[in-house]
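Paired with chain B in one complex and with chain C in the other, chain A is shared by the two complexes that follow.
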Partner chain A sequence: MYDVIIVGAGPAGLSAAITCREWDLHVLVIDEFVKPGGRLLGQLHEEPNGEWWNGIEETKQLMDKAESLNTDIRCGISAHHLEKVKDHHFIVHTNKGNFEAKNLLIATGAAETAAPVPGWTLPGVMSIGAAQVMTNVHRVRVGEKGIVIGVNVLSAAIARELQLAGVNLHSMMLPAMNSVTKEHAHPKKVMDGLSRIAHLAPSAFLRFGSRFTKSDFVRKLATQFYPKSGVKMWGMPIHLRKAVTEINGKDRVESVTVFDITADGKLIKGTERRIEVDFVCIAGGLYPLAELAAVIGLPFQYLEELGGHVPVHNKKMETPIDGVYVAGNITGIESAKVARAQGTVAGLSIAKKHVDGKADLDYRLLKAIEQVKTIRNEATIQFHPHISEGREKIEQAFRRIVHS
Partner chain B sequence: MDHITICRCEEVTLEDIKNTAKKYQCSAREIKLRTRAGMGYCGGRTCRPAVDAVMEQVTGEKPGHDIPLKVQPPVRPVSLATLRGMQDDK
Partner chain C sequence: MTNNRRIVDHPVLGKLSDRKEITFTYDGQTYTGYEGDTIASALLANGVRTLRVHEESGKPRGIYCNIGHCFECRVTVNNETGVRACLTEIKDQMVVESGRVLPSPLASTEHDTLPRTYAEFVKQQEEEKGEV
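Right, the complex of A and B next:
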């Protein structure tokens, strides 16, 4: 029996594994992808201080450390059920058989929210995250000329990565409003989101964007008078007053139909036109991937600030089920740096239970919790402006549930 | 717009969901069971947020703290041989 099984070899899972191995726990890490690193692998961006964040390099550093500690990391293993037999005895059901452990860390990250647009089932349509993985992990060119539907923190960052790889993007614009696209189709709401990444973009958008953060009124005004030609970010137009109503093609993507829209997202008659493209990336944002947390019976909270339904947990990454821990994007959508720091916290929490008489561990755990906060406050990309409030709410929910 | 596919695996359109809701005046869960939206090969990983959004609009049920449309194991496609298998860790 393992001391701990970690599901997910992303930044959270790997850093937790390293910490557990440093305290000499018997650890198994499983991941369903063929390589370790999780979504970290696809990341590549320039930070405001001019340094580059290269996910492949970051993964390598984590893997070097994990390997130097003889960590058992197995890829291509997919967990389909987690079961609690009794206190501190869990079974992880996988496609490669069952594994048993005294503790579990669920670090399954996030999944993409699909924003269905008519024609989205045509070959050549993909999620923006799929385009990122094809480009940065598999080194496959996604197409000759494409368009991004959905303007948010994630899609802007990935559009930049595609650009760096020499992929031709026509522009980014909104999906037309329907039952599913909701806020992704509302110019004002999208503007609120964009103002959070304005500091990452050079020149015009920086000046333009940073003003929006000031007041709600200015943002409203900016949406009203948003330039017809879009605002350029790294030379690529971002349109908040144009929307894609349909993706067209016979056997694969050939074009998209676009309308001008009002500041409320309504289509303006007579503005219809077609743009020829051979691929389309749909960006609907991320939500915590919590299926395994659900099947083992963890309670949930719906917190928009954290990206949707998240399993109840506390700052130590403990859950109401003794021996089950969570870390990374399953606890809320944030950057890989935060996930990595949370992994360390989870690792120390697990180690604390198994290593007797080390007062030092309490101190390290407190330090690691502080470190998560520091990294959160210094984050260059904020996925949600009220992330800290969301964290506070989940902490309160944990206390309520554990004390009742 | 109503012809848009919401659940790709089971090929359920927005129209199917709306018609089912109208015909049976039922809960989101019943719509799911009747249309099979979100119950295909991917286990709802692709369409779950979209199905939730449509259900909310069609039925007026607001998302609570419980995960809407319960998650059931196995959460990944597995063969019966795997489910039956007694392989354990060595």
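Right, the complex of A and C next:
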């Protein structure tokens, strides 16, 4: 029986594994992807200081550390069920058999929200994250010319990554409004979202390359009168007053149908036209990937600030089920640096239970919790405003549940 | 790396390192990929986007999320069905087949006569009784 099984080898799972190994726990990390690193692998952003946040390099550093501690990390294994047998005895059901552990850490990360547009099932339509992974991880071009549907922090970041790799993008625009796309299809709301991010002191949007910063993009964003030709980011137009109503093609993407839209997202008659593309990326934002937390019976709370339904947990990454921990984007959508720091916290919390007489661990845990806060406040990428309020609410939810 | 769909040079990530070439088949046709490719990336690098057809309608489908979440990329690998192409590393001599149309167990020839609601069921029962 393992001391701990960690589901997910992203930045959260890997840093937790490293910490657990540093305290000599018997650890197994499983991940269903072909290599460890999670969504960190695809990331490539320019930091405010001009340095690149290179996810492949960051993953390598974590893996070097993990390997130097002889950490058992296995890829190509999918967990589909978590079972509690009794206190501190859990079974992880996977496609490669069952594994038993005294503790579980669920670090499954985030998934992309669908923003379906008619025609989305055609081959050549993919989520923006799919394009990121194809481009930066697999190094395969997703097509000759594409369009991005959905304008948010993640899609802008990834559009830039596609450009860097020499993949041709026509533009970015909104999805046409329907009962699912709602917020993503409303120019004012999208603009609000972007300008909220833009005025944050270190801001992803402001920092994405000097051209972007120097352009008056942010100022233009704040105005109601969005330019008809869009606002250009690295030469690529971002349109908040155009929407894709349909993706067309017989057996694969051939074109998209586009309309001009009013400031509140209504299609303007007579403005319809077609743009030829061979791929389409849909960006609907991220939500915590938390099914496994649900099957083991963790309570949930819906918090807009954290990106959706999150399993109830506290700052130590403990949950109301003794022995079950969570870390990373499953606890709320934030950058990889925050996820990595949360992993350390989870690792220390788990170690604390198993290593006797090491008062030092309490101190380290407090320090690690402080570190998460510091990194959160310095984050260059923030997916949701009011993240700290969301964190406070989930902490309260934990106290309510544990004390009742 | 001969294929122009590969991003060989990258201004930040650098040059793609040489990897071992791998041969596999997809729907009977032979393709090459590289060690470390997934089935989905190796096929896309060969210009193949369609990985299956919808089991009932026959409409073509390809990857959507590329990281294992959506199950849009189900293929058959060495006779195992329902394998996610985006999560499966390509191996030498692998036999990959696209997902096909399946016979529909729900297609009923009696759909005109079977009751659809409990009310219809009761009505039919009464009618049958009346006939007896």
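In this section, the second predicted complex is superposed on the first by the 376 of 404 C-alpha atoms of A that agree within 3 Å, B and C clash if a C-alpha of one lies under 4 Å from a C-alpha of the other, contacts with A are read in each partner's own complex, and residues count from 1 in each chain.
The criterion applied here is as follows: contacts are C-beta pairs under 8 Å (C-beta built on N, C-alpha and C of every residue); 3 or more make two chains touch, one makes a residue touch a chain.
Just so it is clear, the model here is predicted, and its values are computed rather than measured.
By the touch criterion defined above, A:S78 lies against chain B and chain C together after alignment on the C-alpha atoms of chain A.
In the overlay built on the shared chain, the residue A:R252 is in contact with chain C alone; chain B does not reach it. When both complexes are overlaid on chain A, the residue A:H138 reaches chain C alone and has no touch with chain B. When the two structures are aligned on the shared chain, A:A130 is found in touch with chain C, with no touch to chain B.
With both structures placed on the common chain, the touch criterion links A:G166 to chain C but leaves chain B unconnected. Within the superposed three-chain model, A:A111 lies in touch with chain B and with chain C [touch as defined at top].
By the document's definition of touching, of the two partners only chain C reaches A:W52; chain B does not. Of the two partner chains, neither chain B nor chain C is touched by A:S388. In the superposed model, A:E32 lies in contact with both chain B and chain C.
Counting contacts by the rule stated earlier, residues 32, 78, 111, 120-121, 289 of chain A appear in both its interface with chain B and its interface with chain C.
Residues 1, 3-6, 8, 14, 43, 45-47, 49-50, 53-54, 57-58, 63-67, 70-76, 78, 82, 85, 87-89 of chain B are the ones touching chain A in the complex. Against chain A, in their complex, chain C makes its touches with residues 4-8, 10-13, 16, 36-38, 41, 44-45, 49-51, 54, 59-70, 72, 86-89. The touching residues of chain A, when paired with chain C in their complex, are 32-35, 39, 44, 52, 54, 56, 76, 78, 111-112, 120-127, 129-131, 133-136, 138-142, 164-167, 251-252, 289. If you check the complex, the residues on chain A that touch chain B are 2, 28, 32, 78-81, 93, 95-100, 111, 113-118, 120-121, 178-180, 182, 284, 287, 289-292, 294-295, 299-302, 308-309.
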